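Starting off with a structure, shown below.
In this document, chain identifiers A, B, C, D, E and F correspond to the written order of the chains, with residue numbering beginning at 1 in each.
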Amino acid sequence: MKISARNQLRGTVQEITRGEAIANVAVDVAGQRLVASITVEAVEELGLSEGSEVMVVIKASDVMIATGE
Amino acid sequence: MKISARNQLRGTVQEITRGEAIANVAVDVAGQRLVASITVEAVEELGLSEGSEVMVVIKASDVMIATGE
Amino acid sequence: MKISARNQLRGTVQEITRGEAIANVAVDVAGQRLVASITVEAVEELGLSEGSEVMVVIKASDVMIATGE
Amino acid sequence: MKISARNQLRGTVQEITRGEAIANVAVDVAGQRLVASITVEAVEELGLSEGSEVMVVIKASDVMIATGE
Amino acid sequence: MKISARNQLRGTVQEITRGEAIANVAVDVAGQRLVASITVEAVEELGLSEGSEVMVVIKASDVMIATGE
Amino acid sequence: MKISARNQLRGTVQEITRGEAIANVAVDVAGQRLVASITVEAVEELGLSEGSEVMVVIKASDVMIATGE
């Protein structure tokens, strides 16, 4: 599958914080910690757990730019 | 300023593709190319150009996880 | 590739309206017209044109519910 | 009310998975299951329950396109 | 129509910057300038022009919080 | 820090509804109630509580326009 989302980064799941509906999945991408809030249903369907090798995917229209401190 | 967005990555602007309303800003983050679609107004207000040092900022609810090929 | 995004619908590209940075891609999904605003770069990389068979993908956190008229 | 969001699909609520802050609302749209993650407050204000007739609404900039398997 | 989006603010269109695919619509909300990037198609379908009375609508999952300067 | 997000409104936190992963933060902005769904981790890192003075930040591509009732 090829997807239009312009941002795709390989990483490893570090930690999953699960609620009833949503889980926050922390992913180590080249030493940087990224966090994805996805449905618990997706966590289960993808079989995610600590150590899973994943791709972090982000649509370009959801990316902001900041400058300065 | 401290922002709730969980994902903040330092990088350097590589290229800006400008339309009338929206510009795509490609940013090199540790050798990886990320793309942000932002308003042309923001590009101007932040004074972005090739070589600008920036922070890429993404809200956790906008991040997806993929597995497999 | 398996992606966390909960919403995936098969359809056929009907029309592409291209700007410099962003293109609106209209997709026929079972007789219903959906529209995706994606980068022109993605349109080219995926080789999209009228008649292309595609999957429309949407993250659950981007879906709203309305009631009434 | 007329809204700028380009994607509006009629459906019927199938199931609601409620957390404290967010609920996932599964909607049957012409035999296809879609999922919306919305606030529990919105579920209550709209009076959503299994069988509610609803409209699924999605902004075009939140729609991605994928090709291939 | 009642929509799950938690944020709805009345305002008046101040200015529309149109590209081919996307337009930026600046709205005056109680003296504060807000900007919406929507499709040109939506601008036309809603008949928006300078002075139009509108509602600005934002999903709670798209809102961030910042502190400090 | 200067951010590309076009919409920045000052307000005061009114109420926080916390789940395990996500919290809904209600903010009073000039007498208007806005709601942000952010991670619980962000609530803690920013030290948010009732009465905190904050900025509400929203990317232009996440803003919709509605007309009529």
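To be clear about the criterion, contacts are C-beta pairs under 8 Å (C-beta built on N, C-alpha and C of every residue); 3 or more make two chains touch, one makes a residue touch a chain.
Not measured: the values here are computed from a predicted model.
Listing every chain that touches subunit A and subunit F alike gives B, D.
Looking at subunit B and subunit F, the chains that touch each of them are A, E. Chain centres here are means of the Cα atoms, and by that rule the chain farthest away from subunit E is A. Placing every chain at the mean of its C-alpha atoms, the farthest one from subunit D is found to be B.
Interface of subunit B with subunit E: the two copies contact each other largely through different residue positions, with under half of all numbers used appearing on both sides.
Note on A-F: across the candidates B-E, B-F or D-E, the interface recurring with over half of the contact pairs conserved by residue number is B-E.
Put simply, the C-alpha centre of subunit A and that of subunit C have 21 angstrom between them.
With each centre defined as the average position of its C-alpha atoms, the distance from subunit E to subunit F rounds to 16 Å.
Those residues of subunit A in touch with two or more other chains are numbered 1-6, 19-22, 24, 35-39, 41-42, 46, 55, 57, 59-62, 64-67.
Viewed as a contact network, the protein chains fit none of the simple shapes, being neither a path, a ring, a star nor fully connected.
Chain pairs that touch, as defined above: A-B, A-C, A-D, A-F, B-C, B-E, B-F, C-D, C-E, D-E, D-F, E-F. Those residues of subunit A that touch subunit C in the complex are listed here as 1-6, 36-39, 41-43, 45-46, 55, 57, 59-61. Put simply, subunit F touches subunit D in their complex at residues 17-24, 35, 37, 61-62, 64-69. Against subunit E, in their complex, subunit F makes its touches with residues 5-9, 13, 24-25, 27, 30, 32, 34-38, 42, 46-48, 52-67.
Residue ranges of subunit B in contact with subunit E, taken from their complex: 1-5, 19-22, 39-41, 59, 61.
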